[in-house]
Structures are given as structure tokens and as C-alpha cells.
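For clarity, chains are labelled A, B and C in written order, and residue numbers in each chain start from 1.
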Amino acid sequence: MKELITVNNVSFQYPSEDDLTLTELSLSVYKGEWLAIVGHNGSGKSTLAKLLNGLLLPTSGEVKVEDYTTANEKELWEIRRRVGIVFQNPDNQFVGTSVRDDVAFGLENFGVPRDEMIERIQTSIARVNMQDFIESEPHHLSGGQKQRVAIAGIIAQKPSIIILDEATSMLDPMGRKEVIDTVKQLNEEEGITVISITHDLEEAVRADRVIVMKQGAILTTGSPREVFQNEALLLDAGLDLPFSLKLGLALRDYGVSLKEQHLTQEELVDALWTLKSAD
Amino acid sequence: MLDNVIIGQYIPGTSVLHKMDPRAKLLGIFVFIFVVFLANNWLTYGILGVFAVAAILLSQVSLRYMYKGLKPIFFIVIFTFVLHILMTKQGEVVYDLGWLKIYNGGVKQGVFISLRLVYLVLVTSLLTLTTTPIDITDGLEYLLAPFKKIKLPVHEFALMMSISLRFIPTLLQETEKIMKAQMARGAEFTAGPIKERVKAFVPLLVPLFISSFKRAEDLALAMEARGYRGGEGRTRLRVLHWRFRDTGALLLLVILAAVLVVLRTHG
Amino acid sequence: MDIKISGLTHRYKAGTPFERLALHDVSLSIPSGTFLAVIGHTGSGKSTLIQHLNGLLKPSEGTIKVGDLTIAAGGKKKQLKALRKRVGIVFQYPEHQLFDETVEKDVMFGPMNFGQSEEAARAAAHEMIKLVGLPVEVLQKSPFDLSGGQMRRVAIAGVLAMEPDVLILDEPTAGLDPRGRKEIMDLFRTLHDQRNMTTILVTHSMEDAAYYADRILVMEKGSTYLEGTPAEIFAKREELQAVGLDVPETVQFLLRWQGKTGKPAEMSSFTIEDTAKAISADFGKGGSTC
């Protein structure tokens, strides 16, 4: 698999803080994957997101996106076009006075010619299913709709990576589903790489790969199956367990001899049924 | 009360005035302000009146609405009128109360100045009633573009305006939310003497400031993430189209000015 | 304190072209000491309903009775203040309402508005800060130097310090991580039990409604859609799904399990513990049949 982002031995310290927020962190992001980064508040996961497109620059170490490095100011713009971030607060990233103007904002910044801009705006707004709202003003949209507009703004830039920086944490369940479904589709159909920074472990369970962070370092990484096998480690990172895992543990306490952890309700029911049939 | 102020409100529509280029409308207003000062007799004020009414009819904004919008300035108009009647001592006495003499020159002057005010308010209202704020901003940015040469931050100014416009409804919603939260904690925003009332606004203003700063910070970060780096090398989605009718409208104003110059009382 | 809502209708911007019917003929009675969860989609009328309970919105039609206070269309202002003293609201993202120089002053703001003496208010602030799980040292700090989670607790203490009889919680855990969510919700349930309060929780989480509430009200399009105990409500999965809601995860799981075993499972408790216990009963070592 092609490596899109390389984080090499990166440390980061905010000028106002005494301690390092990230310590000698290294990781790779591969083309087309859905990578979930989970961790307790203050684990450094949002700082990491900002390092990935050069909004913050490492105190030491290097961040490379494709063949560009965030250390070189001239290459920053190439990186920002390729790496889009959807932030947490839907209101505070909506720049335009209407949906169309907001999607145009990034394209205008990158100097896309107007004719091409109009075409790209059309397609990307349709891609997130907001074509009926193209003239709408932001205060008439729901949180989920605003986040979808933010996604449209990013895909109009033809990026290779979308970062969701807790992009669903302020939304109601319906809005959350709208946003995740939209990004899932982009990931599957267009091969856009997704890095999702999230508290939502049910979402992390569905990722291709999970990174667990604690105190500015990577605690573990692997497939959800591997990572969620180790509940002690998750609890150590200050995380709650996904529902099926919690239930599996409780069942064992009640003497049901399940052999391994099951990530989804379907798997757990099947495993229980197999167990019962053998009973 | 504030609902009645119509300057600054936009009424969607498809009239000729709505379709005009905002630059033409802005320039038009600019010219009109000078033209109004050319009128100095009944005939010229009459012509201006016909022009203003014609413009309102063209805009398809209802006359009743315009009249409602004028109401808040009636006080100023009447005040100006009375002031002129009392201060101007020209022409014949038309009314004599002994201690107060009203001259026909004063009446005339009062009517003229009042009309001047009404015309100015009507026509400038038409600009905002038929042009979206964002179009006005665009128009201003284009018109002021030459000043970029002398390092005036025209692009930044226009961006600032458009972001303000974008966030006004958001801030209003936020204000309502915080007000409700404080009222639920027993705060009152209406009762008591003025000093108390000012103090009562602290619990509203502090949270509003803090959230606005937070918003500004978030927004700056989001803009940077989306590749914003100032006006240079930027393309634009919004373009303005100057059409024949825009030139026509400005020509009409110039003709109006010429007519007024000829018909005004000289000397 | 008993609450009785009769024929409550609310129109936003009545008499303008933007008029919108937000609540339609809602009648509901909440006996003193109830922990009621209100669920429904954004725009179902939940927020409008709770704002009536402390007079932030006035009914277009109908009445609201809280204890011996009655609020009707066109009610008086004095009554509203009396009502607000009895009914406290923790709004969504309550940390946005903090404003004073110190945590202590901010928490004292509510009680003093309702005529408490400074000493009484200060004592309340000390008590409530401890109650929400913060050290008393934070009282002298600026609320804006605290972390987001701590600010949320301070704001909650500010409402609790008014010692309301009825506590309304509008998604009090929105934006918190799972651990913070559980801590805050546990706090509210403990308070409810210890102080004999009436609690109304507006939430999107079926799990919270199931675990913490005694009764559930489901709102849809400005009307009451379902009302009952959690067991009654979550036995009606189809009705819930018809309005885009669902049963809690534990019930979903039990239903799946029933689909396999073919025998209906008991659904009166919604904790993971009890779900595990119910399922283990189907296994030999669990004790019963097979």
C-alpha cells in the first residue's frame, strides 16, 4: 500500500506549556484506508491533526505528505490542498454567506479558474447531497448539513485525505449518521483516505485501523479486532469500551465461557449461539 | 421599534433595480446625493419627487412598506421643518402670533429641507432593499480596487464585511441563548434603574465576547486550513456584470442633474 | 413539586408570515419526584416544551401548573420569577453562560438574584462545588482558566446552588467524552434521589433514558407521541423506529438473541449487567433450563 503521510519522530510543544504535547511520535497513513485515532481529552490527538496539514509545525521531527514536507513553507499550500480538515464546531468553519459561497472559498484561495470552479462546486455539493440547499444561508442549516457543506468544500479541492477532527461530536445522532455515511461513501467509492479523530468507539470499531493515543504518544495500533482485544489497555488510555465488548465481559462474569472479544452485536450473538448449540 | 427601520433590510425580488449591477447602484446613490443639493425651487424639487417615486415603482417594493419605513424619521423631518420656520426670517409674514412671526420664506425652506431628507432616505433605502449585503460588499470591493495601489487593504476590508454579515444571525442566536440561560438564573434585563440595567448586561456581554473570540480563533484556523493566504492569487466565484441598463441608469442621473442645473433658480 | 401541563400550544412568531407551530395541544402530568426523560428529534418540540416550564417562553394557549403556580397565556411577570426560582435549567453547553471573575461569584449569581443573602449564597457555592466533584480551591480561580469539563461542572453547580425543586437538563452531556458523560449522569441521578427533586432530562441517548429515567416522554412534531415507563416505551420498537428513533443497545441485543432462541426475554432492566444475567440464564451454568 502506498504511504501518503509519514510522521517521523515528531515532538510538539505549545509555547505556553511546560510539557511536550506530543513526544517522539511516528506513524504512517496509507492510501485509501480509514484510520481512527482515539484517545482521552488531552492525549494530543487534535494537535496531531493540526500537524498533518501544517497548521502547526513540529518542534522536532518531520511531517511528510506525499512528497511534500510541512517544514517548507512553499510546499504547505500543496499539502493543505491535499489534506482537508473538518473541525468540531459546524458554525465556526462556515466562511461563506451561502452554501455555494462557502464551497467556493477554498477553490478561490487555490486560484481555480471560475468556470472550473462552478463545475466543481456543482459536483461536490451533489456528492454530499446538499444540492437543494445551494443558495441556503448557514443559519438555516442543521449541524449535520453544515458539516456536509464543509466536506463538499474539501472534496471540491480534490484532496487525497480528509481528517475528521471530532467532526461529529457536536451533532445529534441523525447528523452524526449523515456525516459518517457521507465520508464512508467517499472513502469506498473514490478511495479518499480518512483519518477520523473521535471519542466514538462504535465508529472506531468500523475503521480499517485504529491508533490509541495517551499523553502525547501512541499506546497501540492495529486493526480494531487486535486493538479492542486488549480491554485493560483501553481502560488505561481512559477510554470506554464499545457496547459488545462490555457485554462480552459481563457475560464472562456470569459464567458464559466466551473465548474472545467480539466487536459487533452480530458477532457476539453468533458466538453465543454457537456456544449454546454446543452446550 | 427596530422592526420599522428599513434601511439595511433586503427584500428579494426580480425588478430592474434588483437586477442592476451593485456598482451602478452605489455610483448612482453617490451621484444622487449631489443631485439632491442642486434643487432649490418648487419645480426642481417636484422633478426629484417624480424621480424618487418612479424609482420606488420600478423596484416593486410596496409604497406602503416604504411609508412605514419613513415613519421613524418623521420626527427628524418635523423637527427640521419647525426649526426652519422659527429660524428663517425671509419673505412676507404669513402668520403673526405677536411673539412669533412665521415668514413664507421659512415655510418654503422648511418644506425643501424636509423633502431633501425624505428623498435621500427613500433612495438610499432602495439600495439596501434591492441589493443583498454581500452584493453591496462585492460592489464596494470592485469600486475601491484602484485604492489597492496606495496599499489600502481593500480585499481584507471586503472579506471582513462579508464575514461580519455571515455571523450576524449566528451572534443573534447566541445572544438569545445566553440571555435565556441567565434569565433562568434569575437575571433581569429590563427592570430597575439605568445603572442596574447596565450592570445586568455584564452576564450577557462577557460570555458573548468570549464565544466571539473563540469563534474568531476557530474561523482563522479553518480559513488557513482551506488555503487562505490573503487576496493575492485568489480567483473569485462572484463576478459582477455591467450591462447596458447600468450605463443607461447612470446616464439618466446625469441628464437629471443637467435638467436641474438648467431649471434651478440662479442667483 | 407536581407539574401539570394542559392543552399547551406554542406558536413562534405568531401573527407574522414566519409563524410556526412548535407545540400542539400537549397535556402531561409529572408527579413530584419523577425522573422524566424527554426524547425526540431536533425540532420535535422538546426544547420549546422545557422552556415553558420556567417561563422563558409563554404559552400561546393552555396552562402550565408547577406546584401552586399557574402560568397561562398572557401571564404576569412576577409569577415568572417565582417560577424560575423553583425550576432550574441546565442548558446545552452550560459552560457558555459563565461570566464572573471567580468561580465562587459565578455560582453565587443565581442564588443572589433570587434574594439569598451573600453568606447563604457563598455557603451554597461551597457545597455545590464539592457536590459536582471539584476541589474547593477552584472557587477562587477564574472560570476561564479551567478545562472544558470543569467549566461544565461549575455551570451545573451554578444552577444547583439555586436549590430548585425541579431540575431540567437539556442534553447536559453533549460534547463530553464517555467517561465524563457517565460521571455527570450519575451525579444527576444521585442528586435526584438524595434531594427528592423532580428531574426532567432532554436527551438523544436512548441508553441514558433507559438507565436513568423512571418515565419517558417521546415527542414528535410538537405533540406527545408516547409516554410511559422505560419498559413500556422500549417494548414498542416499531413505533419508535417509525419516527426515526430506536431502542437502547441492550434491548437491541436481547431482541437479536430472542431471534435465535425463539423465546421472548424479559425486558424490565436495561443495564449491561442485567442483560448479561438474563442471557446467562439461557446457559447451563447460568442455572435455569437447557
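One rule holds for everything that comes next: contacts are C-beta pairs under 8 Å (C-beta built on N, C-alpha and C of every residue); 3 or more make two chains touch, one makes a residue touch a chain.
Going by UniProt, the chains are A = Energy-coupling factor transporter ATPase; B = Energy-coupling factor transporter transmembrane protein EcfT; C = Energy-coupling factor transporter ATP-binding protein EcfA2.
Owing to the predicted nature of the structure, the values given are computational and were not obtained by experimental measurement.
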Exercise. Considering only chains other than subunit B, in their present positions, which groups are joined through touching?
Worked result: one piece
Exercise. Hey, which chain ends up farthest from subunit C, C-alpha centres compared?
Worked result: B
Problem set entry | subunit B and subunit C: spacing of chain centres that average the CA atoms, whole Å | 46
For this session: Report, in whole Å, the distance between the mean C-alpha point of subunit A and the mean C-alpha point of subunit B.
Result: 46
For this session: Give, as an integer number of Å, the spacing between the C-alpha centres of subunit C and subunit A.
Result: 31
For this session: Would you mind writing out the residues of subunit C in touch with subunit A in their complex?
Result: 41-42, 147-149, 174-175, 177-179, 182, 204, 244, 249-250, 252-253, 256-257, 260-261, 272-273, 275-277, 279-280, 282-286, 290
Exercise. For subunit A, which residues are in contact with subunit B within the complex?
Worked result: 50, 53, 55, 77, 80-81, 84-85, 87, 89, 91-97, 100-101, 104-114, 117-118, 121, 137-139, 153-154, 157
Seminar exercise, completed: Given the complex, residues on subunit C that touch subunit B span 51, 54, 56, 81, 84-85, 88-89, 91, 94, 96-100, 109-110, 113-114, 144, 158-159, 162
Problem set entry | Complex interface listing, subunit B residues touching subunit A | 133-134, 162-163, 165-166, 169-170, 173, 214-215, 218-219, 221-229, 233-239
Exercise. Residues of subunit B touching subunit C in their complex?
Worked result: 177-178, 180-188, 202-204, 206-207, 210-211
